[in-house]
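Pasting the structures here.
Two complexes come next, and they have one chain in common, chain A, joined by chain B in the first and chain C in the second.
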Partner chain A sequence: MKKKERSASGKRDRLLGIVTASPAAILLCIFTVYPVIYLIYRSLFSGSLISAEKEFVGIDNYREIFLDETFHKVLVNTIIYTVLFVGLTMVLAIIIAVWLNSSHQKKLNNMVEACIFTPHVISMVSVSIVFLWLMEPDTGFFNMVLTSLGLDKFAFLSSPSTAMLSLVLVMVWKSVGYYVLLVMAALQTVPASIYEAAELDNASKSRTFFKITLPMISPTILFTCVVASIASFRIFDAVNVMTQGGPVDSTNTLVYYIYAYAFRYGNPGVACAAGVVLLVLVCVMTYVQFGVSRNKVHYQ
Partner chain B sequence: MKRKVLMTLLAAISIFTLAACGSGGEESSSAETADGKIEIEFWHCMGSSNGELIQELTDAFNESQDKIHVTAVHQGSYTEASTKMQAALSGGEAPVVAQMEIGSLGVFADSGQLVDLQKYVDAEDFDLDDFMPGLLDASYYDGELIALPHSRSLPVLYYNKNLFEQAGIENPPETWDELEADAEALTGDGVYGYSCPLDQWYYSSLMMNAGGTIYNEDETGIGFNNESGTAPLYLWKDMIAAGTMNVPSGQDYNSSEACRNTFAAGTAAMIMQSSAQLKGLEETCNFEVGVAAIPMLTDRAYPAGGSNLMMFSGHSEEEEAAGWEFIKFMTNTENAITWANGTGYLPVRQSCTEQDTYKQMVEEDPNLQIITDNVQYCAEATFIPEYAETKDIIANEIQKCILEDNYSPEEAVQSMADRVAELFQ
Partner chain C sequence: MQTYDRDIIINKIVRVLNVLLKAIVIVIFIFPFYWMVVTSVKDLAEALQFPPTLIPASLHWENYTHVFEVVPITQYFRNSVIVSVTVLVLQYLIIVPAAYSLSRHKYRGKKLFFGLVLLGQMIPQQITFLPVYFMFSKVKLLNTLLPLILPFISNPFGIFMLRQYFMQIPQEVIEAAKLDDASNMKIMFRVMMPMAKPALVTIGLLSFISTWNNYFWPLIMTSSESLRTLPVGVAALKSSETLQMWNIIMAGNVVLVLPILIVYIIASKKIRNSFTYSGIK
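Now for the complex of A and B:
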């Protein structure tokens, strides 16, 4: 008797579970699972977006991208960009956040916070256009400042050796404010009592930072690293507006390569194959970073 | 553990796909309105004042008759419009008529998306011969007439007449040697003699003036894997080394804009740009602007640029007939002159030059006559579906050769040949 009751209520619970989860599950299927399956399926076919007949070519598209020197360069570029962007952004974000957190001049803090957060809410396209103008090698503002200080002109976006760095600087300027906010929120959760104890022990400031602050905010740092890496793997708009992948493919990144093949070269099969590579890379990256979190991150 | 892996994967996928969403749907492209008019859509790529003029011409067409109503829609730059068109075609939402860059012709024609206009030409005895021959070439694909010339241009050399006068040079350079010598005489005090984007179009015009063609005769690869291909690169390399050539920053349209800015600022005495920029340059520059043909080495030939009007299939016969009426209207002699006068694009018909309005235009601005005189040299109109990729390969190799050390013009052209040949396989 009792058993029956339990199973009946269990059934009801299960049904309730399915019903309440279904809207989210259906949306997930339509907008995530189906596109991913279609992406993989389409990567096995040739033909343009608009051609009536699409021919099954097996792994030819994958062979094409793996043999394509441009694709190798694109992969390397994307990784260099991600490492530079995430590294620079995180270091800067932590420094600024710790500084803002320890300073007690409220008015100044608010102003600095507003200043570094503002770029985050400006449209990427506008930012790109402004920087395109600022970084103009002959007449741009940056080089005007450099020459007036007696320094050499910097090529910025017009030389293959400096274009990627310039792109990273723009993106760091644009997004560092957002990460500062995240780190600051984490800093405020660190209990003051730990710092007081450290003070009593006469611990130096750097020791306090490395032994207390950093471990205590490490979960947030990991999370922001994951989000920032995935976001930078997908960089597109700044590349599209500022450099179109050039000069000489020095800023050509994975998503721009996908875009070029899908829409400009009329070869979505190759684009989908590159998309699958991106998907796999992002999955691996996420998994590795969460793997690190199990061993190296301090949770309270 | 397993679940965690799964969750991680799901999290990664969902973050990944969020960005993939976007680009809304277009409205249905054609329908019949309540008052029995045939409603068709027309996509164009003209912004600002050119966009206003194309709207005025569309309005004039709508007022000129009471059977058809055309809605003109601006779809951004040539590249953007071509992207949107591919998406619209795959969704069955394409407009009847669109203005598309001539280079994208191959992509659309190859997949059978363009209507063969020859049937209308035959039915009406429409006079095709009036179109400038060099311009009509880019309207054919596999022997089918799939476009009519509209906003066409050719590369020209603009020069600063004031700076020329100061340097004591009377005429613009006609040969490469003169270009180098003039550039040297004009260089000095923050002024470069010459500036040109490291772009495929300008490279091609120099290459064609050195006797090359973009594709070879049997269409299996490039037609400049010889001295005609390396000569322009040596010219640019030499001029950059001599300090007489400025390389504008940016890529593609950005670099052209940067190039025009240096010219308008008076820091470059000669630039190579599209003839369609004439009006804009004459307005912005506070000095007298001169126009000349691109200097030549052995031949005189240019790759014509710009866009054509094309009709897209998948519409009813009535809609297509309406589209034809609209295309005819936009390319008739009177409107071709209005368009050329307002924008700086070429007059696309020979009969244009006989009209009084045109004669008056030329009298007011003799630069226009110089441009029109050069239309006869427009050549080369092969548009394989891989044209966009060819363009990118050429631009890339040019820049690699000019901007990076230890990459000779011979290596660059050989690499172009190899990479383009792959596209033909």
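Now for the complex of A and C:
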């Protein structure tokens, strides 16, 4: 219901709304919408990074990556990394969060939380360099400790069979504190009355955990897992600083592959085609995320 | 009586174990930083020595002057500060009006704009970087700091978060201000902004930390050394003439870590709350 005398101020209101929104809207169009469209468009052309000349090649770039054995390996690596990283991080985060939540040493707990979270605010470059040094095969601290204990040296990042695991461990070390905080926030939402009831029933601690805590926080955990997976697809910094995808492509992941194709091999068409694959992965996972978050609301 | 005693003893043991375990966890997360600092003040021989020394035999602060000599780290530092601060300041000019518009105005295309904001949050840098690289290369701006600034000032997460905050402010408060003949500007600065202060601080902290730490974007957008930011410059240390000189590399690394670490030590709780908020929004 619009009143006549109001329509003048309504018009002004509309205009002001559009004017204040437009700078952000224009920037988002330039730096998000247009790049996504151009990425898809550019994936249909060949050409090089330096010259503007390009030739329409249809789906040739896609054919190239899907026939490329390295690309298969890259996809498998990305999935292995995601599963290992998300699984390990979430299990550790739940254990630590429940543990901290159940012990009443407030000051100490706060200190533990602060310390675990520190790596999350530190640049991935710094973390990668420090761990590169700690994991150095000959003079690194970890292997010095292992040899002084009379154990064999561990290859860490220098062997194809252990590089991926080492990479995952570094990333878990960096990120677990963040997920501990998220799980702790979820734990706060479980009503205390339920625990009191369980206590009255003399339920054991493990029973309380598996029958009450876990089901109550599982929607949040599921949501967090999906978000963490999307973040995992994008791993690049640690790979570029620590391994450059090696040894023998054992840590070559999707974004590194895109980067290498564009800036090492100077073939942006193929890089864009691989970028479209990443786009599809992110879209699918975001769709899952929305589904899961609807569930989350439903449970609450 | 006896079981009571036993309970006390068990409780004590559990407490001691708890403290011990927590101490171990703290060490696991702090030791790498300690190792970085300690290595940065050792001489090369001691840095590579077996068994490693946990406390350096002598302090070699000249590693820091050395790292300033081998790479233009002052330049990197300056670039990092310029980029992080410019993004921090400019984004408020863009996102505050945008969020206000989304929460308080009615117009056609608002839903579309909100969709844009959600899309902006969903699409990562790793998807947009090549087209944006081509774009800046076409307008010949790749040899400036603009590619490191412009794409980040329309921070979609910031718009989203501020909108939620603005929407929580009761309409009556604004109506009351309007009755007092307050202008839109006045309502914005005197009513809305103070009430959204926690959100503004959170957005600022998260934006500064992520811009300062960003490695991927400046790595792609900058080719000349004079435009590099600290993460790119420090990462390059390990492949340049300082190869295997871990003490020098660690000195550079300390320069990169220190500003954020100081901010974190000052505002640890606030920063943790900000990240938690952004994770469960």
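The definition used in the following text is that the second predicted complex is superposed on the first by the 258 of 300 C-alpha atoms of A that agree within 3 Å, B and C clash if a C-alpha of one lies under 4 Å from a C-alpha of the other, contacts with A are read in each partner's own complex, and residues count from 1 in each chain.
Note that a residue touches a chain if its C-beta (ideal position, glycine included) is under 8 Å from a C-beta of that chain, and two chains touch if they have at least 3 such contacts.
Everything quoted here is computed from the prediction, not taken from an experiment.
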Fit-or-clash call for chain B and chain C when the two complexes are aligned on chain A: clash
Touching partner for A:S193 - first (chain B), second (chain C), both, neither: neither
Which superposed partner A:F263 touches (first chain B, second chain C, both, neither): both
Which superposed partner A:P160 touches (first chain B, second chain C, both, neither): first
Touched partner set for A:G246, first chain B, second chain C, both or neither: first
Contacts of A:V36 with chain B and chain C, given as first, second, both or neither: both
Touched partner set for A:L132, first chain B, second chain C, both or neither: both
A:S51 touches, of chain B and chain C: first, second, both or neither? first
Partner chain(s) touched by A:N202 [first = chain B, second = chain C, both, neither]: neither
Touched partner set for A:T286, first chain B, second chain C, both or neither: both
Winner by number of chain A residues touched, once chain B and chain C are compared: C
Segment of chain C that clashes with chain B, given the candidates 94-102, 220-228 or 256-264: 220-228
Overlap of the chain B and chain C footprints on chain A, listed as residue numbers: 28, 31-32, 35-36, 52, 132, 136, 139, 227, 234, 263, 278-279, 282, 286
Chain C partner contacts - residues on chain A that touch it in the complex: 10, 13-18, 20-21, 23-25, 27-36, 38-39, 42, 52, 96, 103, 105, 108-134, 136, 139, 141, 144, 148, 173, 177-178, 181-182, 185-186, 220, 224, 227, 234, 236-237, 240-241, 255, 258-259, 262-263, 268, 271-272, 275, 278-279, 282, 286
Touching residues on chain C, where the partner in the complex is chain A: 15, 18-19, 22, 25-26, 28-30, 32-33, 35-36, 39, 47-48, 50-52, 93-95, 97-98, 100-102, 104-110, 113, 116-117, 119-120, 122-124, 126-128, 130-135, 138, 150-151, 153-154, 156, 159, 184, 209, 212-213, 215-216, 219-220, 230-231, 234-235, 237-238, 246, 249-250, 253, 256-257, 260-261, 263-264, 268-269, 271-272, 275-276, 279-280
In the complex with chain B, residue positions of chain A that touch it: 28, 31-32, 35-36, 48-52, 132, 135-139, 156-160, 227, 230, 234, 242-249, 260, 263-266, 278-279, 282-283, 285-287, 290
Chain A-touching residues of chain B, taken from the complex the two chains share: 4-5, 8-9, 11-17, 19-21, 79, 82-83, 86-87, 89-90, 107-108, 110-113, 198, 246-247, 249-252, 254, 258, 261-262, 265, 267, 385-386, 388-389, 392, 395-396, 399-400, 403-404
